[in-house]
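Shared between the two complexes below is chain A, which pairs with chain B and chain C, respectively.
Now for the complex of A and B:
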């Protein structure tokens, strides 16, 4: 047996460990319940349909027809807002001298490591007082605040790689610092913004803990909050649950597939400076 | 570097600082305070004593009998002890092998899907894989005539199934970073080693592993943080059960705060968890401290 063949066989054995469960979820989602009694791998009768997707979308207690639009609203807002704020802050850290810079860096890194449990109780009380509990505004604010540190750091790293000569030339021509930022630095940073946006969007979309403690009204539940509800306690309808799982994971997977280049670059830049 | 005027600072920096101050720094400090006070507002260590002596945190009887639950502190420790080495090794193996496998990029995409999906869905995937009837794990075991069960529903296997499932979910992260790292190693290194008679295993351990060491530090740090913060998977797959057998610190904090409404105890768990994540983040903090 050639070496190449051995490598291929080992590679595919490993690969199947990941491929098979995804196939399983897909097969379970497109088949009626009575065909799953002997496992989704039993193809003695095979009648694929979108019925389970339809049922998950119009689920009586946790319809994704409400959850997915809700999540889209929150994830989009909580991506745009921190990107604007953090791009400005990152630019400032890269281009200006100011005394407490190191402290800002340290706060940023600590935030990356901080568990949400550390802020859960005070945030809950704070939102309660501000009348922002059970509202998307409160949730978007929290996601914006928690997205800002890492995006700031990410954008700072990008701007330090950007040669300042163009900006200096513009300044000699009399452009103000604000104008230089909006007309020159901001457009040049769009690729980096794309990377940060892809990551932030998927993170907010996938987020669950903040939603769990701040959103109570069932109609306002985000997509991720509906998955545990759909699971049920005693009886699990695997067909509907698989269909729901596919729909909820499809959004970040699509973002990844469409923006693969940006996504990977962002992930590497984010974790390796 | 330009000199900063106050107006520049206010415009560029202030919105970020206000947000981080209000929703990150201030509440963290509040939680620390909360952990040191009782309901009447007296300074006390009572909350710490309560949490650390609780059987939720360290279950002495369980440890003595070698039965789950062992307590959240130990569960998190077991999680790290298994998950950290397994994801690093799996990620490295996959990155190296799939690079040379026909269709490797397609397989890599599926491995990566595991970490792209929301971890709430990840928890459902774990349930699905380990289920007695529909699960592939059991279908596989049945081939060898082994007994089948819903692995996540039994105290002695719940935690281990979650940990194995989380390896499945998170390997995409280490694999992707290692794949990117492999691209940066010049081919000449391997060619030179091959001329000197080094086989693939020697090349792997003498060239690949040492050169990927910086990436290993990053992967290990991020994985450690991920393990400590683990919440969604457990919440959806087992709720920390059965009987606390797969409970972890993050879930314990949530239960104390939002089910039992005992803020003092919850704050203590949060502080403990944060101390661990800060220790895990030391390489990160150090790398930033070195910057000019």
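Now for the complex of A and C:
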């Protein structure tokens, strides 16, 4: 009983440490600046409004109304593309025998440990030579290349947990390799694909570094690139910045909620025991 | 329906493990053949090689007279029921059963007819819209069988299909599978480690140990004339008693002499034992061929032994006695009305017509 209480208290402390800064951002976003001068926890006067959100959405130099659709294009493409490639690759690694299989697997794992900053300059030069700088195609290709190894690793591990007999039964039933993948393995792996999609989407969505070095036409700026631009030279409007941060944050949270509902159903629905 | 023939089939894995060694046997048309052996003996590997799920290292497999070594599983015209059923979890029962027919481009009406017919035979008509997770173990088992029978294949392969069911259901499904075999007139290869399943269902049993076929025969032969000590010990429950003994010439003929008793060898076995006189042998007798003297049919001093009762296990329909005779512990399955009590002496009568003798070195049956 007392042990449970201690665990609960520790849980609450961690939860609050996590929540307090977020509350600060939220309060900054919905309240006028002069109310915050004594700290956001001072509620002696309280006039909430969505004005800052409106400002951020229609910002004169970096409107989120352009940034969020841009980010959606990139994040969706850079989620779907690596998922398609990596799910097939992971399946092949999990189920088939081929020469140098171990080596391929090791290379996949090694690329997981590679820091992005280390390859930034060669990547930049490559895009430059391919004439793909300052274009979404180039950026999507980079994110796809960066996402494919970890999703391959993740999906391969998932497929090894599926009983191979289900696929063998399909083989005996007359299914070709492609049919087995698309009719059996793929639907069975939807829970894992849902999890991978949520993670990859979040990472691409909140990515800043690759965008910074590859996209430089202001109209093409993604949501994450626009937030710092909302800061003036002489004056920082924290309210607008906070509102923009919250709006940008909302999208991956929505994606999580959407997919979580979906993959939990998948987990319960399709497990046999 | 068709015949399956294996000729000198080997399976050697990349790591050098020899899972199946020189397997040669024939499954006749419409025959129910059981591959029986302890886990890891290579019986499932053999089945998977027949299915085409496992490549064979050496040898030839024929189905319906055709070599199928390099034929894809789907083109072998076989159906397989897996131990864990391997139903497609995301499809309904109907879709599970129709899947193979759809892939083979059967017309819709024909698929519907076949699925419903199979469902009727198996009594799962009311489950067709359910997903596998909504079914009990027994129902899943039926769906797995249904998925196999809708295709009307030449050969059915069963891989321990009853081992995940509880004891009562297993007995019921055993009878149903046997009935189904008669009804479909199917050729069946069935893998199990359960000797009761093998004895009750098979036309022919192939006993396998460490990848080597030990004996092929009908259940009666396997039980009564085991080819070696392994088969003798594997079939029957409780297992056969094995006692170190010597064959000696004595009063009126040959006798079996052990550390604790001496019993006479029936006349008809004397010729077979001629080479073993004064030599060590393993004497074998099944617990069910040992009687409490009070209930024995023909007790004589020549077939009666005395020992001390160590443990009494009443099972209701019979009682198992563990009796210490000399240095040996003998198991006897006796009449439940026995008065035997732990710690007391008891006279046991051996049915010597049903004795077995094994060569202690080769472990092959002499009698």
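Methods note: the second predicted complex is superposed on the first by the 237 of 273 C-alpha atoms of A that agree within 3 Å, B and C clash if a C-alpha of one lies under 4 Å from a C-alpha of the other, contacts with A are read in each partner's own complex, and residues count from 1 in each chain.
The criterion applied here is as follows: a contact is a pair of C-beta atoms (placed from the backbone, for glycine too) under 8 Å apart; a residue touches a chain by one contact, two chains touch by 3 or more.
Keep in mind the model is a prediction, meaning the values are calculated, not measured.
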Discussion item. Using the superposition on chain A, tell me whether chain B and chain C clash or fit.
Written reply: fit
Worksheet item: After lining up the shared chain so the two structures overlap, which partner does A:6 touch, if you call chain B first and chain C second: first, second, both or neither?
Response: neither
Discussion item. Applying the document's definition of touch, where does A:28 land relative to chain B and chain C: first, second, both, or neither?
Written reply: first
Discussion item. Is A:209 touching anything from chain B or chain C once the two structures are fitted on A? First, second, both or neither.
Written reply: first
Discussion item. Let me test your reading of the model: by the given contact rule, A:73 touches which partner, first (chain B), second (chain C), both or neither?
Written reply: neither
Worksheet item: What is the contact status of A:98 with respect to chain B (first) and chain C (second): first, second, both, or neither?
Response: first
Item to complete: Identify the partner contact of A:137: answer first if only chain B is touched, second if only chain C is, both if each is, neither if none is.
Response: neither
Practice prompt. Answer with first, second, both or neither: which of chain B and chain C does A:179 touch in the superposed model?
Written response: second
Practice prompt. Give one of first, second, both or neither to describe whether A:169 is in contact with chain B, with chain C, with both, or with none.
Written response: second
Discussion item. Tell me the contact category for A:152 with respect to chain B and chain C: first, second, both or neither.
Written reply: first
Practice prompt. Please tell me which partner, chain B or chain C, touches more residues of chain A.
Written response: B
Worksheet item: Once both structures are aligned on chain A, how many angstrom separate the closest C-alpha atoms of chain B and chain C?
Response: 8
Discussion item. Residues of chain A that sit at the chain B interface in one complex and at the chain C interface in the other, please.
Written reply: 271-272
Discussion item. Help me check something: in the complex, which residues belonging to chain A touch chain C?
Written reply: 163, 165-166, 168-175, 179, 183-184, 187-188, 269-272
Discussion item. For a test of understanding, state which residues of chain C touch chain A in their complex under the given definition.
Written reply: 51-53, 72-74, 78-80, 82-84, 86-90, 99-100, 103-104, 131-133, 147, 151
Fill in: Footprint of chain A on chain B - complex, ascending
1-4, 8-9, 11-13, 15-17, 19-20, 22-28, 30-31, 34, 93-94, 97-98, 100-104, 107, 109-114, 116-121, 124-125, 127-129, 131, 133-134, 136, 139, 168, 173, 176-177, 180, 214-215, 218, 222, 225, 228-229, 231-232, 235-236, 249-250, 253-254, 257-258, 263, 266-267, 269-271, 273-274, 277-278, 280-281, 284-285, 287-289, 291
Worksheet, complete the sentence: Touching chain B in the complex, chain A uses residues 4, 7-8, 10-12, 14-15, 17-22, 24-25, 28, 36-37, 39-41, 85-86, 88-89, 91-93, 95-98, 102, 104-124, 126, 141-142, 144-146, 148-149, 152, 177-178, 181, 202, 205-209, 212-213, 224, 227-228, 231, 236, 238, 241-242, 245, 248-249, 252-253, 256-257, 264, 267-268, 271-273
